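Written below as structure tokens is the structure these notes are about.
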């Protein structure tokens, strides 16, 4: 692997991926709309760019083998913001990838593409889209975009439906946690698997209380190791009885299942910054 | 039913719907970006407006019971055009419907949302999205948008996946035809069914060689009467052996399955205007 | 066919079946807990008996080829009443059938065994039980009882899940109607089919707006002829917009989906006697 | 269509197809191992040949557009006989078709490829193979052969799983009948459908008591018109109660489900020649 | 958790649960129809009561958070006995739970609710009911009762389909074993999971030769640790060839699949008391 | 277990099985068409025989409890060769087993019975046949033969669909590897499981990148231990980007998906003898 591109490199999850990605390629180009991301790692270059600028994306993807696309608003937001960053931005990434002969997009999709499904159904990867927010709707769009570019233009994609890549600080996360180590492992497998076509996969750690079925993504070789159960005793002790008619408790999307469209779902969680989840 | 709104009223299919819709309501407001649509029918008013103008949509939908949304580019087109009319335009319709308390959107979705599926699979309504063009991708987006507005905001939707609502002039259309009478019947049932939630339905006549399975939409009571088989003898006599490895012949989307993204699929059909199909 | 037994012969649906059943056998024994059922038809005998009396059931079933079991409380009722008539009574019928070598039970099951399923899902016969009332729960019990007696003791059963065998007087019934003629046709096929094992079938007329999928019962040869659509225009004109979040409108069971357990669902319909539906 | 080839032209079903096939092509070459088939129809030529002779098959298929392959032993028979005619013979037909550029094989498969399935399950076309005899096993082989030649060599196939193409003279046939007219219609559609890839279809008339689900073959446009129910009254009157634990009554294959491997299933039916069924 | 209630506390499995349950709550009320259960554990109170006494159940459930319902006849028995304890008794528990605001019933369901399914099918939790005995029929009833009380009254339920919670002393148990430790773990998870709605789960240890698929209950976090394979060598050495046409060997229910209705299935096993299995 | 028979004992996989099989029975009869197989193990006898000789097979199977059938051409080959060894030879084994009262055939089926399925679909054991070669077609035939002999004659079968039982020396094998130890374990479970009926199972090690879903064979207790991931780093480093439109990379069958029918698929791999895979 000569060149990898990481979008959203200044974001919470992007930041975690920068160092591991440098080890998987000769050259990592990290990009974000932030002016800077601090000290770069060996083999890493930073390029400021906006996803909504197709020409800039083309320049950055020139010569790349793959792009790891995490650039997007990471929370529910007003439609116009989601439209710009998460829909138009994604189009630009796929279109630039096609124009520049990039083999594959490794994409940070999300549980919120299917967040209105009921948790106790334990859906598999073939369950239909059922978004819970504009944020989730944009994830649906990107998965369909990925399907289109694979079928018509041969650009491969792995759509990683990330759950709660954050601290485990509530009962829902006992089932939905994705540890950083497992996230890195998942991205690695999404990159090193020789042929993926159009693949969806749940981004979940090996939690006892896992809420979705990954058997249709077995070929990707994703074998998570962490388990949120280590936090269970403490968290459950602090958990009051939950309203079992509230979609925030019953649906996969958690608080996003009830947040007003356009309003922050993370804020709805009432959590501070370092604990936020998507 | 007091007030209905029809978008895309100047379009090919919209034009056919104007008169029948006037019979289903006290007041039909037809709208399009065209300056005029000629003589209106009794009970019909025409309002020029652009779908990309949310405020205009709100004004038009004020007091409406339902909106029949056919306004969109009716062919594959460059991304930016699809984005404006078929994605942003649709968002505006649903958002305006929500703000104005409109009960239901009856939406002209399309086979092209699933056009890359293989025809001989005879898929049902639960098959996953598999768009064949930007045009189809926008249809996928709208179906997910409809799902979101139903789940989160209680706006009902019927997504009519229209196949070939045009003259039957090729072998594919023997299976994919939707006659105008059946289209009108389908729209009527989509309007008069008291409760629909989020319903998808194939827009297909009662063709012998029907290519998709509508059993999951039975509650809608759509019972098409026309059958393209009356054209079969003549058309098959003119049909040379078809390349059975060509996606244009094997996939539900027909020529859209091979057209370059952004180029006209209708032109790819090599057909004149009055015979074009979506 | 020498001898048929009909339970619930004095009930609303039983009364309709008496004459047609006499034409399918040499001897029809009609039974009910009512003292009398009026004038009998040629070939018909009436025997008063209570379903809760196993010995009486054995006497009546002596020498019978099949039993058509419609005897039960035909509405939601307090648990103790359902327990006696609809659970213990049914056990007695099956057990007596077994003891007397009766080949088959043709059973009046009901939509209410699955009444909490969502109507727009258009479920098929394999959908899991999801009762809406004690009444529906007893129907579930009887279907499982039928399964047990077939698997362990070779007593065949047809479980006819009857929907609305009554006047069409509301929008729901446009989809759920079972006309008396179609009911008779269904009972006839349930009797004359040589081998049925354990068969479930939806008791629905050929309504345009049919709400369940009978394809798994095709072998029974039930081909209904009536269609509630003839009542649609008038009924829909009288139907106000329905609350689409109300289970009574969204679920297969209709008003039974919201009635308090133990209270009459028919009364919940606010209908007079000759229009009631189960 | 210039040239069609019919194998098994001297057989019971082949004989019925000869005349209709002459109307679908310029030249029909009928073949069988019989010395002669009597007077030929206009446009028909007869060539004696044995299916086990690959070179002969190549000669006959030279220049053909399609081959309608009905040549085989039409009953259960000793393994060595089935092996020669129904396995090796079929291989020769497909291989010759490939070598000579023949577009499609229209194949007389059979219910006996899935004859051990239980009738009341009403299986669809995706149910796994479950043969009841060597005869059925050879049908399974040919369907897999057809799949292979389509996937690897582009030879199309329609596998028509014929049920009881014979007089309706027993209760089973009320569900399994395929009238000659419907057989001809099925063969016509299997030929005139422009693209079929690898298609399976049940060969069943429009019987009330139909025992399998053809919805996955809808694209073929097969719409049978006859209905064995016209014979029901008379036949059921003559039918004694059937043993419902006997596979011959419970399984799709009927008497083939219990016949000893290698022995005639038709003889097991105890029927005379003109009433036999496959 | 303040107060838990355990029914069937004097039974074989109930006895094992008493101590672990005291650790999950401030107050455990154990109940059974036995006069006494010996020395109670710290935090445990014993109340003698009969399940068939609704008033007594209400008294006991007053103020409880959840009830762990193991009270029932633990073997096949005459219908009248099953009716009283396992059907009416269960109704009383659910009804009392509803009246007293108890959040959840953790219920000892059983494999015998689906015991007539074939073992080699490896069914999942969505497979339809297929009881093997009156005992199993009552389990079916309770699962449907649980579904009803969840849908209509918001009482949650976990239906644990317990297999062989006993010594491993025959070949069947190599696949069907549920160790006491895993049973306790399963009950714990059924209690501590914050939201369960209506959940079914197989009660099986982590046996190599596991006979059912628990993937649809993943959200419960049940991760069994024991494995009957440690007993395999010895048991298989003592196992003669088994009759593979005997339902007792082929069906999930084991000997219950062939026992006469109403007769003891445990006795059919020919085992002494401490080895018995349900 | 008194007597086991192993066919194909001189073959690559057969050779590995000889010693472990001697430990599972009193007497192992190894057979092959080779003149000799070198020194026999304690308890082993070698008998030279050709699978195409039914009488010889009968003699060898006399008194046997089970037969482990690995005798066949282990690669794609001309049709006539496959016909003799892999079809007629297999028929002889099953027929001889039946005639001699052998309980079970443990059969070396192959991925190539379903080799044209797309790898990223991660099919389960119910996926339809989709052979990639004559070799795979013969495996399909044998599975259907096994089904027939179980249903009609009570001969049990385990069809082990072996993937790559060879050195891991290419990227495909990271998912498809079956180690020799796991192969032996699989054969042992196929023998020692008391009742198997007709069971299919994927022969795959516990690879991270596993390409098929074995959940429907859980009852067999096959729990592989090896994992090709230990070879991943080295192999992926040597793997150039693979053509993701090439069936050899996209389909389960690997190079067999593109090899010409009748030509060696192993040779297509370009590998030397000790690395070959089936």
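When the chains are written out, they are named A, B, C, D, E and F in that same order, and each has its own residue count from 1.
The rule we apply is simple: a contact is a pair of C-beta atoms (placed from the backbone, for glycine too) under 8 Å apart; a residue touches a chain by one contact, two chains touch by 3 or more.
Keep in mind the model is a prediction, meaning the values are calculated, not measured.
Participant: How short can a path of touching chains from chain A to chain F be, counted in steps?
Facilitator: The least step count works out to 1.
Participant: Could you give the fewest steps needed to travel from chain D to chain F through chains in contact?
Facilitator: Minimum step count, chain D to chain F: 1.
Participant: Name the pair in C-E, D-F or B-C that forms the same interface as A-F; by residue number, over half of the contact pairs must coincide.
Facilitator: B-C
Participant: Could you quickly compare E-F and A-B and let me know which has more C-beta contacts?
Facilitator: A-B
Participant: Count the residue numbers both chain C and chain E use at their shared interface, divide by all numbers used there, and answer same if that is over half, different if under half.
Facilitator: Counting shared over all numbers used gives more than one half: same.
Participant: Determine the centre-to-centre distance between chain A and chain E, using the mean Cα coordinates as centres, and give it in whole Å.
Facilitator: Their C-alpha centroids are separated by 41 Å.
Participant: Determine the centre-to-centre distance between chain B and chain F, using the mean Cα coordinates as centres, and give it in whole Å.
Facilitator: Between these chains, centre-to-centre, one finds 51 Å.
Participant: Enumerate the residues of chain C that touch no fewer than two other chains.
Facilitator: Residues 215 of chain C touch two or more partner chains.
Participant: Taking the top-of-page definition of touch, could you list the pairs of chains it picks out?
Facilitator: Result of the pairwise touch check is A-B, A-E, A-F, B-C, B-D, C-D, C-E, D-F, E-F.
Participant: Where on chain E is chain C touching in the complex?
Facilitator: Answer in residue numbers: 79, 83, 87-88, 91, 95, 116, 126, 128-134, 136-137, 140-141, 143-145, 147-148, 151-153, 261.
Participant: Would you mind writing out the residues of chain D in touch with chain C in their complex?
Facilitator: It is residues 118-122, 171, 174-175, 207-213, 215, 229, 232, 236, 239, 241-242, 244-245, 249-250 of chain D that touch chain C.
Participant: State the interface residues of chain D toward chain B in the complex, per the touch definition above.
Facilitator: Going through chain D, the ones touching chain B are 65, 103, 154, 156, 189, 192-199, 215-223.
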